[in-house]
Amino acid sequence: MPTWTLEQVAKHNTQDSCWVIIENNVYDVTEFLSEHPGGAKIILKYAGKDATAAYEPIHPPDALEKHLLPSQHLGPLDSTAASKVIEQQQTRKKTKDELRVEEAVKRKPPLSRILSLMDMEDVARQVLSYKALVYYSSGSDDEVSYTENSRAFSRFFFRARVMRPVSECDPSTTLLGYHSSIPVFVSGSALAKLGHPQGEANITRAAGKTSLIQMVSSNASLSAQNIMDAAIPSQTLFFQLYKHRNDEIAEKRVREMDQLGYKAIFLTVDAIVAGNRERDIRSPWILDDQEKGSVPVWDENNPTGEEADMGGIAGGLVANDDRDMTWEKTIPWLRKITKLPIVIKGIQCVEDAVLASEAGVDGILLSNHGGRQLEYSLPPMEVLLRLRQQRPDVFDKLEVYIDGGVRRGTDVVKALCLGARAVGLGRAFLYAQSAYGEAGVLKIIEILRREIISAMRLVGATNVKDLKPEMVERVDWQSFIPAKL
Amino acid sequence: MPTWTLEQVAKHNTQDSCWVIIENNVYDVTEFLSEHPGGAKIILKYAGKDATAAYEPIHPPDALEKHLLPSQHLGPLDSTAASKVIEQQQTRKKTKDELRVEEAVKRKPPLSRILSLMDMEDVARQVLSYKALVYYSSGSDDEVSYTENSRAFSRFFFRARVMRPVSECDPSTTLLGYHSSIPVFVSGSALAKLGHPQGEANITRAAGKTSLIQMVSSNASLSAQNIMDAAIPSQTLFFQLYKHRNDEIAEKRVREMDQLGYKAIFLTVDAIVAGNRERDIRSPWILDDQEKGSVPVWDENNPTGEEADMGGIAGGLVANDDRDMTWEKTIPWLRKITKLPIVIKGIQCVEDAVLASEAGVDGILLSNHGGRQLEYSLPPMEVLLRLRQQRPDVFDKLEVYIDGGVRRGTDVVKALCLGARAVGLGRAFLYAQSAYGEAGVLKIIEILRREIISAMRLVGATNVKDLKPEMVERVDWQSFIPAKL
Amino acid sequence: MPTWTLEQVAKHNTQDSCWVIIENNVYDVTEFLSEHPGGAKIILKYAGKDATAAYEPIHPPDALEKHLLPSQHLGPLDSTAASKVIEQQQTRKKTKDELRVEEAVKRKPPLSRILSLMDMEDVARQVLSYKALVYYSSGSDDEVSYTENSRAFSRFFFRARVMRPVSECDPSTTLLGYHSSIPVFVSGSALAKLGHPQGEANITRAAGKTSLIQMVSSNASLSAQNIMDAAIPSQTLFFQLYKHRNDEIAEKRVREMDQLGYKAIFLTVDAIVAGNRERDIRSPWILDDQEKGSVPVWDENNPTGEEADMGGIAGGLVANDDRDMTWEKTIPWLRKITKLPIVIKGIQCVEDAVLASEAGVDGILLSNHGGRQLEYSLPPMEVLLRLRQQRPDVFDKLEVYIDGGVRRGTDVVKALCLGARAVGLGRAFLYAQSAYGEAGVLKIIEILRREIISAMRLVGATNVKDLKPEMVERVDWQSFIPAKL
Amino acid sequence: MPTWTLEQVAKHNTQDSCWVIIENNVYDVTEFLSEHPGGAKIILKYAGKDATAAYEPIHPPDALEKHLLPSQHLGPLDSTAASKVIEQQQTRKKTKDELRVEEAVKRKPPLSRILSLMDMEDVARQVLSYKALVYYSSGSDDEVSYTENSRAFSRFFFRARVMRPVSECDPSTTLLGYHSSIPVFVSGSALAKLGHPQGEANITRAAGKTSLIQMVSSNASLSAQNIMDAAIPSQTLFFQLYKHRNDEIAEKRVREMDQLGYKAIFLTVDAIVAGNRERDIRSPWILDDQEKGSVPVWDENNPTGEEADMGGIAGGLVANDDRDMTWEKTIPWLRKITKLPIVIKGIQCVEDAVLASEAGVDGILLSNHGGRQLEYSLPPMEVLLRLRQQRPDVFDKLEVYIDGGVRRGTDVVKALCLGARAVGLGRAFLYAQSAYGEAGVLKIIEILRREIISAMRLVGATNVKDLKPEMVERVDWQSFIPAKL
């Protein structure tokens, strides 16, 4: 294989011939431009140049090998060029946001001071890059569903039972037959490397040590193999499938997961188009303006100004997803290609929960994608209540999970009282690994475990089966919750 | 025809002989003083002087010819006088508010940065003159109905359906048989020239390019002819009639619209008296105080001080309107003079919706005039819900539209789920054309289109007929919505 | 009659011999000390001194002659003393609060700038002495009932009717057969002289000019005779009776009112003990601290510090009131001594409204005393709703009025829709006369008249009989109302 | 007995030999370390040193004698050492928090300025040490139950009755047959010495003078004997039992209380684990950071940093409590060892109230431990309402009390209307004694008495039996309550 100079690469800086450098290797991405889920434009920004810093945090390591032909891998830089790239990276002037993060990292508190998931989120909000923060935290439109997801829990109060023996209290359960030390799982959340160089593996390792189940996103920033490699032998991992519109590609993906040892397929059905996350869409402008110290103004000759990428990061992730799935077609197809249990992620109303049970799937995850997709989708906790009230039989036919808005052990226990088998958290794990890596993830699992056991004992339960619908009451007032919630 | 000097005109500066200059022409308005809908007082302020700047933005170009006899058109200024008027205009010291607007215009962002209708409104609030802003934005009394119109939408959540094929999604519909690319129309809004020199034509042109239907107000600042001239051949325009108390004048108006090619009559019934828009009434004082740098204080000898025009701008617009319309009298009269479809604009309760259907009109627009008329009139979205619940049969007899408080594609989709045929927006179009002219209007249509399609797909609909009442739920809590809503 | 020197008076400065000077006359109040409703302590503060400034604004002119024997009127000061008293008054250093008020009066806006009752209240809050402001504005405890009285109206929305002839609109009505130009009356409010030297007469004169009915408080700062003197011949005045615990004294009072020409007795039943108006109780301290520029601190030897007058001003007013009234005893007693119509002021629940109708009284005023008595008494508008829903027959047996929280014409119209005959306002009239005297009162009557007519027309009513229960709806959300409400 | 030098004591500063000085006496606590409910760590901080200042405010005087063998009491310091300890205490540099408190104490207002319980709390918040304040004021998790306890009262309004003779009004009642001057009792609250050197005795003395019943906590900072000593002969005291997990120890405790003259046992069932009071857990850090003027930051080599005591002060108090109580076992056991009436403290739902009545106990206290234990436990006032609505028969079988969130006489009267026999307050008494000792407690009893009588009269009641369910109404709106509530 040849080696390349920076000058050679630099010549291929157009749509007609577009080369990029990633980790000292040169790739010809000319033909791939039109296939890139995030669009050609973002690649062309790095045409003829080193793209490592932009590429690395949002692509799994196997992305290049998966999407490019061997012939498009042109070979390494020569040693002079490689040194120069490193030198450029090292001497590059830091952005204002990078400098802000550096300062914030120095002021990060010791882990013992983290008493709650909100404390952990506070730290993450300080130490995350602005880009990562808005990708993680943003919801669609005015973030009403995002906000209401957690506010929903504050309308449920306990009817606590006393005079029950609770010195022994076991919060463990099973999901699809797999053991979980607490009724909590990691709900699929993409792009963990945006927050921490080891990305999703931080979560995998901590989950392994604490017997938690992780649902791994199709859009993880590590490959499914990488993540499985971070797991311990007995560890259970589920796979969150964003089904490709091409059935063959999708089938290949499912089979691969099966072989890698993933134990269930969570089919994502609430994200068929990119959510309108305005803070995410705005973030490049905000960083740019901050860097330049100025904002662009309207110009008669160029009234539009720079173009917005209306999909934001999310747009790239779902660009090739199947928008035409149906109960009749998609479930049988999936059943045919895998024996793994199937869970539908993104059920948002009672009717679809019933259809899912009729379609014979193994579980449903009541979710509005953390308020990141359809604005004004009902909070999952409210859907759970309606399902309990209107169709309690569904709970006997499949396992019901919820995610969205969970911050406290009491939230988990409320959901279990209404019949949820387990409760997923997404952002909380991203924040924890961003702030402290694996140790952060272990910390929030410890907090959740402590809070769940405490709440179980105080409502009079010694195991998850003791939690009953009559132990919670949906009240008719909106509790006052502190501002940071 | 003679020409006139400024000195000659200046002599006619009393109630007994009142001349004014408008665009270099001299008019004798002495006899018209008593007929002026906005009152004599405002004209007398300009008696013997040039009134162009005050006159132009709030009158259609044909107003003079319509209201004055040919003999009252006294002829042009002589050239010296004409130059002097121009010189006066050019050397006139700018007001503080004009200077503020000039600065704001310089800081106007490029269009690509406008992601939502709220962003557009933010820009408009900066670049509009204070007078225009308060006329556009104000509601009556304490603006409760204005505020509640939009808050009402935040109590409706979706029961989104998944696993439906939505890659093809068509948001088009028809209104009274006329095609509309999205289920949105321009609801009549007066005095667009206050915000932009080309006024309503900005909206007309953008609507033509995007296949939207515009309902043109009787109180537009362009003539019905001007607006029709801005339309493309196939474009649909409706006419919003403020019926004159004199049936003959009203009939003439309707026939004129018919001949001009307007395709429906929206009879306005919610604005028979001027709404009490206190911010609008106060605006002359605020501008005056700002200019003088002082506020008037109570004086024993003149305890009242300056007199307030309690009708504000709105008062002039409705002064001659018919306050005695009835179902029995007015609808048959209108049917007799036109074959155009008739829509009643301003239905505010179920009972009147039923009466309208019994009166055989073609449509109703549930509206409280954007919260500008009766304070504490129910939000239209709440009226729509009651109509759906109590008299679903009405939806089969006529087309039901709503306006008021719409800011997002999800708002539109919610209304359609409950049975609305289309949703009107008024202020949004005024803000958009004020901020960026036609380009601004195109921008918000693009935003609405994108948001509507996204919401339709995410609730599982591929066309407007798929939107059903069971897809929305009126919840019993008030969502937390960001302050700027 | 002898005349007195200041030295002579000054010797009588103890509980055993207590003389005071009021308007240049010397009174021996030694024996009266124990009977003073406001307590002996406040009088002793002025023992041997001139008490005019403190006495005058809160006592009617006939109070001395009513409560003291002729022998206790010791005669006038001699001329030297009289001059000295005047000199003392003139050279007295103004308090910080007086200086503040003087400045505020200079900045008072002209009347034309007052567009609403809230505007008027804003002015009054500036120009009133702190003592008067807190007496007028305060409610009991945490002022929840005070606040909820007005918030209650914001939960009622109109189901407005259109297409009704409303060019003629007559807002007049009758109360107990007496004409009123609008369905509004002056609800009894005490101590108007605290806000303006002419006190209640300001209201009487304005009411006379506008055909409004004034209910005059037993605790007015003018005598019932003074107020009647300010009325025009045809003017209707009602009397608000705080019944004395001594039936004979009470009877004398009623007969006096009858003879003076008052047309009805409003028997006050919601103020049998002094409301706990903490701001009122605190006001002497606040003024004192402000004057001294320091606050007292805890002293081991005097842990209590100054003593609080826990009744505030209100305490003095009700100290001798009858706490043992009953339906069985009090109504027949009152019927026996007067032929005037009887209205019970202070009904707070449906059950008592029914008892009142069974007791055969002529009317009831649903009132919680403006939130000044029982904290958490239901808002009158909510009581009215319950009465309409549960016992509509009561409206046929007597006239029902409400007061408390009314700020807008729409509030009045809402109450009338539910069956109220008329609506009382109290503080609004006190604020208006405090700010601008009679002209202020005329101004708010004009505002109310305008707002009521506008609301009537916009809901489709041409007279008060057109207002029906089905025109309002109690909604299940709390509207957002601007902070100053 | 020998005496000791400081040097001798100082040598015993390890886990293997741990001596401490408390009030000039030397104790060998080596063997006790493992039994200390608050953990060994906190004792080891003072190993070989004087621990008086830390020990004294949170332990009753008899704690040493109860928990240590006579042989572990090693004898007094010699006189030199004793002087030195006193000198150390006197010359010790005050902490910033101590200096803050000293300043606050100087600014404490005279008692007459305290008009309400909120005023008293305001003073206490100023003069309490930070540690005491957070222990007293904190609730669990986000303090939602704490906040909702008081907000609940604001949803209950009165249907006040008028025309009833109320000049005589007697607010007295009985609890378990014992007289109480008002329907209020002191609910068990621990560690009063944290706020005032005389601790719980302040409350006892004031209760004795005003005929109030005090329920004394197992965790009081005075011994049960000390408190009984502060009582007058006829005074009624109840005992709040935190049952030890060892039945024999618990039995000994109960018998001791019986002999001391306590009149009832309130068995605490809502605090079987330590509540998660995050402000309490954080307080040592906050004080430490404040003292040092710096905050610790994350250190790679010590990522956890200092360890948190996750139980806070509360943890120590409940460490040995019985977590396995049952209706079947615990009530018969208690009945067997005492003839005293039994009340269950901490009932949180209707079902358990019914079980309590079936278990034949004498009373129940509806309580969520002041929002300090299970977050989102229903407010007691809401539980009371449900009990009244669903099982009114329970009120006939036992006495029902509530505590939590009570601030006003109206709160008390509301609870009594719904059937509560009496209402407990805890923090209010702690705040009062912290601010002004016994005089503070007398003050708030006087305030409550005045407010209760006033509310009773204004709702038309002359004694507690007149208060009926139909006099209150649970409304469907949330009242606006001032921020400091």
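The first chain written gets the first letter, and so on, giving A, B, C and D; residue counts start at 1 in each chain.
The criterion applied here is as follows: a residue touches a chain if its C-beta (ideal position, glycine included) is under 8 Å from a C-beta of that chain, and two chains touch if they have at least 3 such contacts.
By chain, with names taken from UniProt: A, B, C, D = L-lactate dehydrogenase (cytochrome).
Small disclaimer: the values here were computed from a predicted structure and weren't measured.
Steps from chain B to chain D, taking the shortest chain of touch contacts, total 2.
Chains touching both chain A and chain B: none.
Relative orientation of chain B and chain C, expressed as the C-alpha superposition rotation angle, is 90° to the nearest 5. Different-residue interface: chain A and chain D share under half of the residue numbers found at their contact. The geometric centre of chain C is 45 Å away from that of chain D, both derived from CA atoms.
Separating the CA-averaged centres of chain A and chain C is a span of 63 Å. Among the residues of chain C, those in touch with two or more other chains are 476, 478.
Of all possible chain pairs, the ones that touch are A-B, A-D, B-C, C-D.
On the side of chain C, the complex with chain D involves touching residues 141-144, 147-148, 151, 155, 269-270, 272-273, 276, 278, 281-282, 285, 295-299, 302-308, 310, 323-327, 330, 344, 346-352, 355, 368, 373-378, 382, 476, 478. Against chain B, the residues of chain C that register as touching in their complex are 106-113, 115-116, 154, 156-167, 408, 410, 414, 436, 439, 450-451, 454-455, 457-459, 470, 473, 475-482, 485.
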